[in-house]
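There are structures below to look over.
Note that chain A is present in both complexes that follow, paired respectively with chain B and with chain C.
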Partner chain A sequence: MKAPLIVVGLVLALGPFALTSQSLVNFAMLTVVSAFLGQCWNIAGGFGGLTSFGHTIFFGTGAYTAAILQTRWGLNPWLALPAALVTGSLVGAAIGAAAFRAGLRGSYFALVTLAFAEVFRVLSNSLDFTRGGLGINIPLGMGAGNFQFADRRSTYAVALAFLVLATAAAAWLKRARFGARLAALRENEDAAAALGVNLVRTKTIALALSGGLTALGGVLYAQTYLYVDPAISFGVERSVEMLLVAMIGGAGTVWGPILGAIVLHIIADVSRSWIDTPGFAPMLYGVVLLVIIGLLPRGIIGIWERWRA
Partner chain B sequence: MLEVSGLSKRFGGLQAVRDVALKVPPGSITALIGPNGAGKTTTFAMIAGFIRPDSGRVVLDGHDIAGRRPDQIAEAGMVRTFQITQPFAGLTVLENIRLGAFLRSADTSAATAAARAVGLRLGLGPFLDRPAAALTVAGRKRLEVARALATAPRMLLLDEVMAGLNPTEIQEIVAMIRAIRDGGVTVLLIEHIMQAVAALADDVYVLAEGALIAHGPPRAIAHDDRVIEAYLGRGAAAKLGAHA
Partner chain C sequence: MRHTRLTRRSTLAAAATLAMPSIARAQAAPIKLGLIHPVTGALAGAGGRCRLGGQLAIADINAAGGIKSMGGAKIEALLGDAQGRPEIATQLVDQMAEAGAAGFTGCFASNLGLAATQAAAKYGIPFAIDSGIADAITTRGLKNTFRFFPNNTTATTDAMAALDAINKKAGSPAKTAVIVHEDSEFGTNSVKLQAAKLPLIGIEVKALLPHATPTRDFTNIVLRIKAEKPDIVLISNYENEYVLLARTLVQQRVELMSTYSISGGGFNLKFAKEAPQVAENMIDFNHWHNPKDPRATAFRKRVEDSGQFYSWELPFGYFAVKLLADAWERAGSADKEKAIAALNASTFSDHFMPYGPTKFTDGQNSGAHPVALQIQQGDMHVIWPDSFADVAAVFPRPKA
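What follows is the complex of A and B.
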C-alpha cells in the first residue's frame, strides 16, 4: 500500500483517541466493530465463498460465552476472550463439518446457516441455561480489570485491536497456502480436489477460524452493553450487516470490509438523520445489497481495480 | 504403476463403462482411445476418485485406491486433467499453477517459483499474471497440464489435451508430453487425434460403448478391423481394405 494511504489510515484509526465528543467516538467504535465483523465474515464468505447468512451465530455464541462465564461461574470477563475463541471455532467447525460433508454450498449453505441462527435463537430463548427470553444482565463493575470501560475510547481501542487481528488473518490468507486452497475451492471445487485440496477439511477450518474471531465481537458487545438476549445475539439483522459490509467494500479482499464499514455507516447515519422510521435500516440494507449485487459485484475495491487496469 | 481391473459404471439405464481392465507400466505413455461417448472420461473419473465405480479395482503402486477421494489420490501422486477445462477463472494463471505446486510445498515463495518454472516450460510465460479466464482454448489446455504437472505427479491422466488445437499447437504439446515422460512421469492419455497417439503411445487401449475392444501397440491398433468399425461404422473395414 502507498504511503499516503497508510497516513490516512493511521489518522482515521488513531483520530478517535483525540476526540472528546462521545457521540463521534461512539460512531467510530461502531464503525470499527462493524468492519471487524465484516472482516470475520470475509474470511469465510469472501476468501472461501462460504456465503453465510447466519454469521451472527458466532457473534451470539461469543456474547453468551461472556455472559455465562461471569454470571454462572464468576470468572473474570477477560477470560471470555479465549473462551469465545474456542466456543466460536467449535460451533463453526461443527456447522462446517455437517454442511460441507453433506456437500452444501452457495445458496444452500446460506440457507442452512440462516436456519442454524434461527435454531440458536429459539434454543437460547427457551433454555434455562441462557435464562430464556429474559436474557442475561451482566452486573455493573466498571474498571479495566473487569473489562468494563466508562470511556468509549477504551472500547474503541479493543475493537481496533480486534480489527487489526482479523485483518492480519485476512492478509495471511491472501499470502499463504491455506488461503490459496480456500480461494481455489471458491473458484472450482472439482479442479481444487484434483490438485489435492481436501474440501471438507479446508472449508471447515475456514469456518472455524471465522467463527472464533466473530465470537470475540460478541464478547465485546456483552462487555459494552452488559446485556445479551436471543434477539440481539441471533437476530438476522447482524448477519446481514456483516455480509453487506464485506460485499460493499469488496468480498475476498483484505481492505474491502474496512472500506465497506465506513461507507455503510456514513450512509446509515446520514439517512437516519433524514428519515427516522423504525424498520428503515433493514430496508436500506436491502436496497444497498441489491445495488451492490447489480452494479458492483466486486465492491468498491472493484471500482478501484477497474480504474487502475 | 497403474493397474485397473473389472471397472464398471452404470448411469441409470446406460452401462457407461463395462469391465474395463488396463495396465500402465511405469515410465510409459499409454493411450486410451475410442469414439465419442465410449466411456473414456468416465473411466478417468473413476481412476482419479471423482466417480465411485460400481465395481472394480484401481491399483496404484500396489495399493487399491478405488473409493478414495480425489485429493487423496492426488496426494498419492496421480493427477488428472479435465477434458472440459476447469480453470480457477478468477485467479491469475500463475495462481492457478501455484495451487498445484502447493501440494508439495507449504512455502509460498517456493511454490510461486516452482509454478513460474512450470508455466515458462509450458509456454505460458507471457500470460502468468493474466486472469485464467482470459486464456484461449489452447492456453487453457496448457494450463490444465501445467497445474497437474506442478503437483510433481508420478502419474498423469491427460483427458484430450489436444482437442481444439491447431497442428502447430499439437506438435508443441506432443513434444511437451514426451518431455514430461522423459522427466520420469508415467502418462495415461485420452486422445482422438490418431497421429498424436501414434507418435506418443507405447501402448493403446480402445474403448467402444463402455467395453475394451482392442489393445496393442499403435501400429497394430490402426489396422485392427474392430477398431476401424467402431470408429467408422459397420462394413468400413472391408471398404477401406478394398482401397488398400
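What follows is the complex of A and C.
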C-alpha cells in the first residue's frame, strides 16, 4: 500500500516542474510553503503540544533577517538562510526558556506567544533598525545568485526542499528518543517529569527547532515578494494559517500538515476563482473549515487512520 | 406566373445577410484588463471604490465604441480580490496573465502594488497604478509600471509648500504646531518630513504625539495638545482615528487656527456630511479632481446619483484604466511592448485631475500633484494651488 502512496506523492511534488502555467506553479508553491510552515508549527505544537498562537514571530524574524542583511550590510541573500536558522532558533529558545521556566503551558503558553508576536510587531513598527512602519524594500535584482527567481519553478524547488527538511525533522521526531520525550510531556507533563524528562529543556529545544525552521519560510517570503513590514511579518493571520494547516490535516502526524495545506489551498483557490461576490469566498472558506473541524477532530488524516482500523 | 418582388426591405435584408460574416469578422477581439484590488478585509472600502472607478471607465470606453484604432475592440474586465495580501495579488497576476490580460490596474495599497507590478513585469504586461503612494513602486526600474498619480515624495513636499502659502497669505499667524501621527508606515513616513520642514517655513514644532492604530480614546492626546497651546495641529492617521481625534478636539474646546492633515484618512465627504460642525474648516492635503472642470462635477454627480460615496479613489481607478486605453488607442494594438512604448510617450490630457498632460519619467507622471482641500459648508473645496482653487481658504478659522 505504501508504494502507490509514494508514487502519488512524488508525482504531486515533482509535477509542478513540468508545468508551464506560472499560476499553477504559483499555486503549488504557495501550497508547499503553507505545508512547510504548518509542518514547522507541527514540530512544536503537534508533537510537543506547545500550542502556539504566535508562530509568526519566527516567520517575521526570518523575513527581517533576510531584509536587514541585504539592505543594511549588503550581504548576499543566500547567507540569510543560515542566519535566519540561527536567529529563529535563538528567538524560540529565548521565548521557550522564559515561558517554560515560568511553568506556562496550554492556553497560557498560547497567549504568551500571541503577546510576543504583538511585542515583535510593535518593536519592528517603532525601531529605526527595522525602518519602523515604513517596512523594508529589498532591491529588485533577479538572478539565482541573488536568491530572486523569475521562474516560479525555482522558488517552488526551494520551498519543496524546505518542506522535505521539515518533514524529515517530523519523521525523525516520530522515531527518535527526543520525539518520545516530547510526546510524553504532551500527553502528561507530570508523568513525563516523574519519568525523568527535563520539561524546560525538552520544550525549549522543540520550540527552538521549530522557530529556526519557520524562519526559513520568512526568508523565502522576503526573497519572493521583496517587501517586509510589521503587519506582513508579525500579523496574527499567518500564525492562524500555520495552526489551521496542521490542525486540519492532523496535528502530531508526519503527513497531516501536507494534507491540510493541500485541502485548505484548494478550498481557498476554488472559492476565490468561482465566486465573485466580495466577502463570500472567505465566508465559504470559514464554513468549510468549521465543517472539517466539527466532523474530523483528528484532522483529515483521521479518515485514513479510521479506514486502516 | 408568380414574380418575386424585390422590395427595399428584402434588398436590405439580403445585403445584411451577405454582409454579416464580414461584420462578424470585423468585430475585434476584446482586450482583457486585470483589475486587482482588496475588496474584502480592512482595505475593502477604498479598494472597492478604486475597482468601481475602473469599471466605470471600462463602461464609458466600451459605450463610446471601444478602442477605435483596433476596430472598436471592447475592454473586458478581469476582476481580482487581493484581500490585502501581496501573495494573493501575485497569484492573481499569474492567473490573469494566463487568461490573456493585456494590462493591469490596481492595487490601492503600496505593498500590494509592489508585489503585483513585479509579478506583471515577468510577463512584460503594462501596469497602471491607481493608488499606492510608495516611491519604490516606480523607482525599482520596472519597465512595465506607470503611475499617473503623485508619489509620496511629491505629496509630502508639496504639503509643506501649501501650508506655507496658506499661512503667508493670511499674514503668517501660525507660529507653532503639534503633530499627531499614527505609528506605522504612513504616519511615521509623513511625520519625519513634516518635523524637518516645518521650522523652515517658520513654524516651531512643540510636540510629536504618536498613537497606535487602533486608538479608541484621544482624551489624553488632546489634553497634551491643549497644554502645548499650538496654533495648528498636524494630523497623519487613518479614518477612524482621524474622526475620533477631530471630535475630541471639538469636545475639549481646543482653540486652534486650524487642523492640517496630509492624506487625512477620515477627511472625506462622509465625514463632512455626518459631522458637519466638527469637519467645518478642517484642511487636508490630498488627492482630488480639478473642481473647475465640469467633467469632474458631472463624474461626481454620476457616482453620487448611483448611491455611491464619492472619494478620490474613484477618479484614480477611472483614470488608471483611461490611461491604458489611451495607450492602446495610440499604439493601435494591445501588444505589450507597443503599449509600454505608447505609455512612455504618453501626453494623456483627456482627464479632469489637476495635473495637465502626462509626462512619464521612469514610470512616474512628473506633473501629478495633490491639492490642499478644506471642508466649507459641508462640502469639499480646493483652496491651493490658486490655479485650481474654487474657494478662498478660511484660515485662521473663526473662533467658536
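A few remarks follow.
Just so it is clear, the second predicted complex is superposed on the first by the 287 of 309 C-alpha atoms of A that agree within 3 Å, B and C clash if a C-alpha of one lies under 4 Å from a C-alpha of the other, contacts with A are read in each partner's own complex, and residues count from 1 in each chain.
Everything that follows uses one rule, which is that a residue touches a chain if its C-beta (ideal position, glycine included) is under 8 Å from a C-beta of that chain, and two chains touch if they have at least 3 such contacts.
Predicted model, so just to flag it, every value in this text is computed and none were measured.
Look at A:A192: by the touch rule set out above, it reaches chain B but stays clear of chain C.
In the superposition on chain A, A:G74 makes contact with neither chain B nor chain C. Between chain B and chain C, C touches the greater number of residues of chain A.
When both complexes are overlaid on chain A, the residue A:R177 reaches chain B alone and has no touch with chain C. Look at A:A150: by the touch rule set out above, it reaches chain C but stays clear of chain B. After overlaying the two complexes on the shared chain, residue contacts for A:G294 are found with neither chain B nor chain C.
When both complexes are overlaid on chain A, the residue A:L226 reaches chain C alone and has no touch with chain B. Of the two partner chains, neither chain B nor chain C is touched by A:P4.
Under the contact criterion defined above, no residue of chain A touches both chain B in one complex and chain C in the other. Every residue of chain A that touches chain B in the complex is listed here, in rising order: 175-177, 180-181, 183-184, 186-188, 190-199.
Chain contact summary for the complex, chain B toward chain A: residues 48, 50, 69-71, 74-75, 79-82, 86-91, 95, 98-100, 102-103, 106, 108, 111, 147-148, 151. Residues 39-40, 44, 48, 79, 81, 83, 86-88, 90-91, 94-95, 97-98, 111, 114-115, 118, 122, 134, 136, 140-142, 183-189, 212 of chain C are the ones that touch chain A when the two sit in their complex. Chain A makes touch with chain C in their complex at residues 21-23, 26-27, 30, 122, 125-126, 132-135, 137, 139-140, 150, 152, 221, 224-227, 229-232, 272-273, 276, 278-279, 281-282.
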